[in-house]
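Chain lettering (A, B, C, D, E and F) follows the sequence in which the chains are written, and residue indices restart at 1 in each chain.
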Amino acid sequence: MSFNKKSPWILHYDATSCNGCDIEVLASLTPLYDVERFGVVNTGDPRHADILLITGSVNGQSIPVIKQLYEQMPDPKAVVAVGICATSGGIFADCYNVEGGVDKVLPVDVYVPGCAARPQSIIDGILKACDILEEKQKALKGR
Amino acid sequence: MMLAVKILLIIIFTPLAGGLLTGFDRKISARLQGRQGPPVLQPFYDVLKLLQKETIEVNPSHRFYVYVSLMFIILTALIMLTGGDILLTIFVLTLGSIFFLLGGYASQSPYSVLGAERELLQMMAYEPMMFMTAAGLYYVSNTFFIRDIVNRKMPAIIYLPAIFVGFVFILTFKLRKSPFDLSLGHHAHQELVQGISTEYSGRSLAFIEITHWYETIIALGFVYIFFAADSIGTHILAVIVCLIVYLFEIILDNSTVRVKWQKALSLAWLVSGVLGTANLVVLSFFNF
Amino acid sequence: MGKRTVVPFGPQHPVLPEPIHLDLVLEDEKVIEAIPQIGYVHRGLEKLVDKKDFKQFTYVSERICGICSFMHGAGYCMSVESIMGIEVPERAVFLRTIWAELSRIHSHLLWLGLTADAFGFESLFMHTWRLREQVLDLFEQTTGGRLIFSVCDIGGVRKDITPEMLDKIVSVVTNMDKELRDVTSVFLNDSTVKHRTVGIGLLSKEKALELGAVGPMAKASGIRRDMRTQGYCAYKYLEFEPITAEEGDSYARMQVRIGEIFQAIDLIKQCIEKLPEGDIITKIKGNPKGEHFTRVEQPRGEALYYVKANGTKFLDRFRVRTPTFANVPALLEILKDCDLADVPILILTIDPCISCTER
Amino acid sequence: MSLIMLLILFPFITSVLVYVIREEHTRNAIMRIGAAITAVLTLAAAFRFFGAGLRVSVGGTEVIDICILIVEVCLAAYIIMTGIRERKYLLSFFSAIQIVLILWFEFTQKKGIETGTDIIVDKLSSVMILIVGIIGSLICLYAVGYMKSYHVHHSEVKERKSFFFAVLFLFLSAMFGLVLSNNLMWMYFCWEITTFCSYLLIGYTRTEEAKNNSLRALTINVGGGLAFAGAIVIVGTNFHIMELSALTAKRPVPLVLAAVFLLCVAALTKSAQLPFSSWLLGAMVAPTPSSALLHSATMVKAGVYLIIRLAPLLGETVAGRIITLVGAVTFLACSLMAISQRDAKKVLAYSTIANLGLIVICASVGTRESIWAAILLVIFHAVSKSLLFLSVGSIENELGSRNVENMDILMDVSRKLAVCMIIGISGMFLAPFGMLISKWVAMKSFIDSKNILIVVILAYGSAATLFYWGKWLGKLVSNGHPKKGEQHPGLHLDEKIPIIIQAVIVLLSCVAYPVISKYVLIPYLQDTFGVAAVIPIGAGDQTLMILMVVMISLLILVPLGYAPTSFLKKRRTTPIYMAGENSGDNKNFVGSGGVKRKSEMSNWYMEGIFGSKRIGFWSNIISIVLLCAGVILLIGRWAS
Amino acid sequence: MSILSMTKTLFKSIVHGPYTENYPAKPRENYERTRGSIENDIEDCIFCGMCTRQCPTGALEIDKGEKRWSIERMQCIQCGYCVNVCPKKCLHMRNQYTAPDTEKVKDDYVARISDH
Amino acid sequence: MDEQKIKEISPDEILIETVDLHSAGYRLVAISCTGKDGVELSYSFDKDYDFIHLRVNMDYDTEIESITPIYGYAFLYENEIKELFGVKIKNIIADFHDKLYRISEEAPFKEKEEE
């Protein structure tokens, strides 16, 4: 029995988001969407987190930060790229200080499209990530 | 033999009750906030998940303190629930808390240390009232033993109303509820990240959570002592009061800000000073 | 002399929705020194003028920031319209104003919620954001987007608001007004909230002037400056008084913002009353040539848009000076000698929009 | 009897020997042997007289009295001269009045006063000589190692080790005399000798600061001596007795109380209670062995010892009440002030004063239970505090600093020292160690005697105690990062042995308390009060013992935390959380401007609230007012 | 001085019950204008390339020969500019947004080769 | 919209002009820079909605004096321009030494050679 599915704790990091997806992530915690129904807690601490939610594309300065946060998370862990910028760089892909989507740095498990991604999409994304977490947990046990 | 069974039951059922209370807490909080909220068993899911997860360490020793802390908290629960000495309960509880915050220091990570520092401050803030609670209970019953205190004719609350109020005030610290959740809150947005528990993951974090469950029950146990006497009715009343107090703490949690340390310290000391002293002085005036 | 505590604050930090870094030097919990570092969100989108033509750039300018998205778009469009000498249809102007004021409500509610969260008042955060959702819902019904609308275009707006929808907006904001009174009275009257805001982050009028603060930051210090009084968009047809406060602390800023929410509700009602019929967009021809500085009053304060065009479809330069950028010196000032516990509140008190600031 | 004589004289002889022999190795050997023999003698004396006790009258007191007088006159002359030379006229004034008083008394009034018992060895004095002898000799042994490193670090201080060691032993000798004498005149003499020795020890480094502080200590203690002399005069002229035991047997009539009050004031100066505490804080400039000797086992304990002796006359009386309140103010104020201190020795100093305050409270409340607690507190405090002082001394040599903040690397530098330090600190405030048990009993006795104010003060003082020890403990367990290439001299064997022995004593003491209670305290209390004593800790003693054992075994587990816990499973170790800006190691983060910046962590001191200036000022005023009130009340009582 | 002034709102919401939309269990109904995903009535498409040139993010691609119009779902910002510029008005915006996925989805629309 | 009030000045006049405006009670709104065909700096000032601009045209090699001694909060603008455009600005109070944004590319807005 894996409990990852029942209590996915998220860590949210804003790489270079325009705040759109960012506040939608926060909005998904609020009464209307209430992701805590699925046991989601926005921890703010990589050590406690299971899912790393990244909004926005990455730039030179945020790459080491993201890498570090990912490293500090305990296994099993999943990465969810929220919003078009995080998945591919979006409209900013051509900017000089944008390296591209999160997949340039970390193995992304779930892409959540949208500009800005809606709370419903984010909920879907988290639930999808839960399944991935469970698989990873099984893989860990098997090892 | 009976004692062994009793000890075993306490060790098993205390955290279960604590976890369940926490679950209800989260559910009720969510409802107060207009949300659906997680399932009641959510705290258990969380802990079970944490037990399955990887445990990362930052240095070889920091996790250790959490385990010792848990052991002492269990010991506290044992002393308390088997009707032991109330001062000893407080001392061992303090010891448990000290070990917990040493864990924060040991990880030598900025936010853990800040959290430990605040935790220490909180302990300093609530300790006088704990002390005076024990003093008051001893005053009215002439014994430190909980089993004797709860077997008196009259519940202690009759003589110690002010101390009880002061104690409920302090309880907010112990339960880590706003306005006094300075060192480690259950809410996400805290300037200290996660305070002492910042560096703990997986199993160690699960133990911290379990420790908190024990602590919740221990804290409510004190409330119970105030109301219990040698009739069944008072015991039922005591349980009901515990639940009401817990509910009150939840509502308080949801309708106050997190105060700053200066305020927390001065408020706690003021309240314990005024209420505790007044109660004791009145008692001694009537030469009880 | 003992040692001090030196801790990194951010970029990843639960109280910071956006990455910004401070080297905090503390003694006990008193902040001795706070050295900022930005650039975590810097994308360099102003440079995109080389790659996106001036029409596409509308969508870029909307994405400067997801909170004040609409006004960024409108500000850019107004600059280009000024350069090209386009007459924007009156109805479009009024629609812009309605959306702008709705954005103001949503932005201020968002800020109120985050502030509540920063001082550990979770339920207040939840209720504030619950009310905010109603505004977002209006956005979605009228424009299709919750945060980024893609509705403002050079020459006007792309979508009209139907009369039924206008009625709905009025009823929603009227309803919200009632519920907001309850919630904002907690912000303004609860003594525990006051403990965290009154006297925190004091910025005197002189300091505010000296540091070039804008928006609610300046208004709360008693500076009566509001770009809307200059009458861009439909503001010239509307009646309103800029809201100011004198104390210059976090509480005063909260007062100003809460006042602006109710003011915005009133302005929306005025707009809907006076909304003329007609076209919503003027067709544009050719490419812009020339330069223009435009100033608008965003929820966070005065924003400056500078567009320089050379007659081709690619602009020479687009520059935006966002209100947060102007408020950073004031933030550094109020961070001096505060408590660690105040740091999140003080950072929030300027209503920071880092992604605006760094672009 | 001869054993007692030997006990007092042997340290004196050693002292002379050490002073005369300047050759390093021989002297060290003598020191070690001297310390060992002193300890053995102490044990022997304690065991020999433990059961029956001893009450003797020494023949030929005349001769002894004359000798004492001569020494006293010489001392007074020296002190007066010093006072004049250093422009400390108050000191000269105190000393002059004192010697005049004593001389006047000796030659005009003393005729016809017979002393029945000059020396009493009972349970209390056995405990005291055990503390003085064992801990004192351990400190002397420690001094051998410490001073060696001390002079390496402090090359600016002139080496006067012989002198230093000699004074240490002289001190022990005087201390033995003090606790064993029943003759007030002799006690007074030893009292003065300890004062003088402390002056010499504090002034050892001869820096300006040391000189000033030593003179301050001298002034205050000579002032106390003056009070003592006054008490002797009152007792001698009015009641024609010269024995402490006879005094305590008197009924508390106003004149007796006046004498007791004066003796208590003397005791308060010795025990550094407010408003006389400044000398103890100043004494921290001295090399650590002297601090350890003065502030844990001997000098300051002399004061509380006297108050415990006087306890039957305190309690409900005016003098008792006043002394209790002074103790309470001291306890609370110093516990609070300790929070704002960074210097390890300052923290220890404030904690010492605070704990002495507690002992003073317990002793002056004067119920059986409170005295029970007082004596236990004396024992446990001496044991733990000397361990702390010695450890801090060694830490200072190791780290080159005694700032608490710098001790975060101690775990890496010297694990043994760190563990000893942790044991010592735990001994001061944590369950299951003696201090806490004693506090517990103290609280019980305060409630029983309806001293509500004291209960409240105890509650707050303990909370403050928790804070400052807690944060220090935190520094010790934190795994700091020592700078690369820094030299740490390592522990000298002469330092290591005493520290480890003391740590073991601290650990043992927490299981030993029922034994002490049963065989020492209850008989003593029975003797003193003449009533069948009760066991202060309730019926649950057995369970309690089991719990204690459980707790100790848990505590012993602590060092195990440093053993590799990962034999079973390899755990991933990652850098600490630094908001995503860790620069790779655990020391630095990438700060603003992309610069590597060292992350530092420091404790809270809250100087705005607990700063020693404000609290110190007000608490001094309160205690002065209290003492004045005591004087007025006593005069009023006497007049009516 | 007012403490616990929040309780009014709190009790109100207890009485009102949760505001939560039970999202995945109860699917959300989008508004008519909701910006979801771009769809192409591929049969009407003339593959003029207007949309691909104007798309701010370059999410669109056409292949005239194979008569294929494709869209990178994970690159589209739903600005609707392509809809605006499309001369045949064959592009339109559906009010259902793209679901999250573990892969970057690319949707192809291929017109039947018909004989005009 | 309203008319733009732009006043052209030479690089060495900047301090004098700024001091005048400062003493007249103007507030600095922004410093903008355009990097095409040399450097074009616009200093925007405002007093009671009177919106005026100082325009400096110069080449990349010219050094310009910082106005931070007069308007302290100009340091953000000047650091930004210095870092993004590679304009030489001297005597900035609180100089970040091109580390304000810590971008990976050097002076991205500066006109590159090939154009």
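Basically, a residue touches a chain if its C-beta (ideal position, glycine included) is under 8 Å from a C-beta of that chain, and two chains touch if they have at least 3 such contacts.
Here the structure is a predicted model, which means the values were calculated and not measured.
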Subject >> subunit F and subunit C - chains in contact with each >> reply: A, D
Original post:
If you average the Cα atoms per chain, which one ends up farthest from subunit B?
Top reply: F
Original post:
Based on CA centres, what chain would you say lies at the far end from subunit E?
Top reply: D
Original post:
What chain pair has the highest count of contacting C-beta pairs?
Top reply: B-D
Subject >> Chain centre separation (subunit B, subunit F; CA means) in Å >> reply: 59
Original post:
Taking each chain's centre as the mean position of its Cα atoms, how many Å separate subunit D from subunit F?
Top reply: 69
**OP:** Just give me the whole-number Å value for how far the CA centre of subunit E lies from that of subunit F.
**Re:** 42
**OP:** Compute the distance, rounded to whole Å, between the mean C-alpha positions of subunit A and subunit F.
**Re:** 39
Subject >> Per-residue overlap in subunit E, given as positions that touch at least 2 other chains >> reply: 3-6, 10, 13, 18-20, 56, 77-79
Original post:
What positions in subunit D touch 2 or more of the other chains?
Top reply: 572, 574-575, 577-581, 590, 593-594, 599, 601, 604
**OP:** For subunit B, write out the residues touching at least two other chains, lowest number first.
**Re:** 30, 32-37, 54-56, 110-111, 113-114, 188-190, 193-194, 198-199, 254-256, 262
**OP:** Between the chains shown, work out who touches whom and classify the graph as line, ring, star, complete or other.
**Re:** other
Original post:
Which pairs of chains touch one another in this structure?
Top reply: A-B, A-C, A-D, A-E, A-F, B-C, B-D, B-E, C-D, C-E, C-F, D-F
Original post:
Quick one: in the complex, what on subunit E touches subunit A?
Top reply: 18-21, 23-24, 28, 56-58, 72-79, 97-105
Original post:
Along subunit B, where are the residues that touch subunit C in the complex?
Top reply: 29, 32-35, 110-111, 113-114, 178-179, 181-182, 185, 187-191, 193-194, 254-263
Original post:
Given the complex with subunit A, which residues does subunit D contribute to the contact?
Top reply: 572, 574-575, 577, 580-582, 590
**OP:** Write out the stretch or stretches of subunit F touching subunit C in their complex.
**Re:** 1, 4, 27-30, 32-36, 42, 44, 49, 51, 53, 71-73, 75-76, 84, 100-103, 108-109
Original post:
Given the complex with subunit D, which residues does subunit F contribute to the contact?
Top reply: 96-97, 99, 102
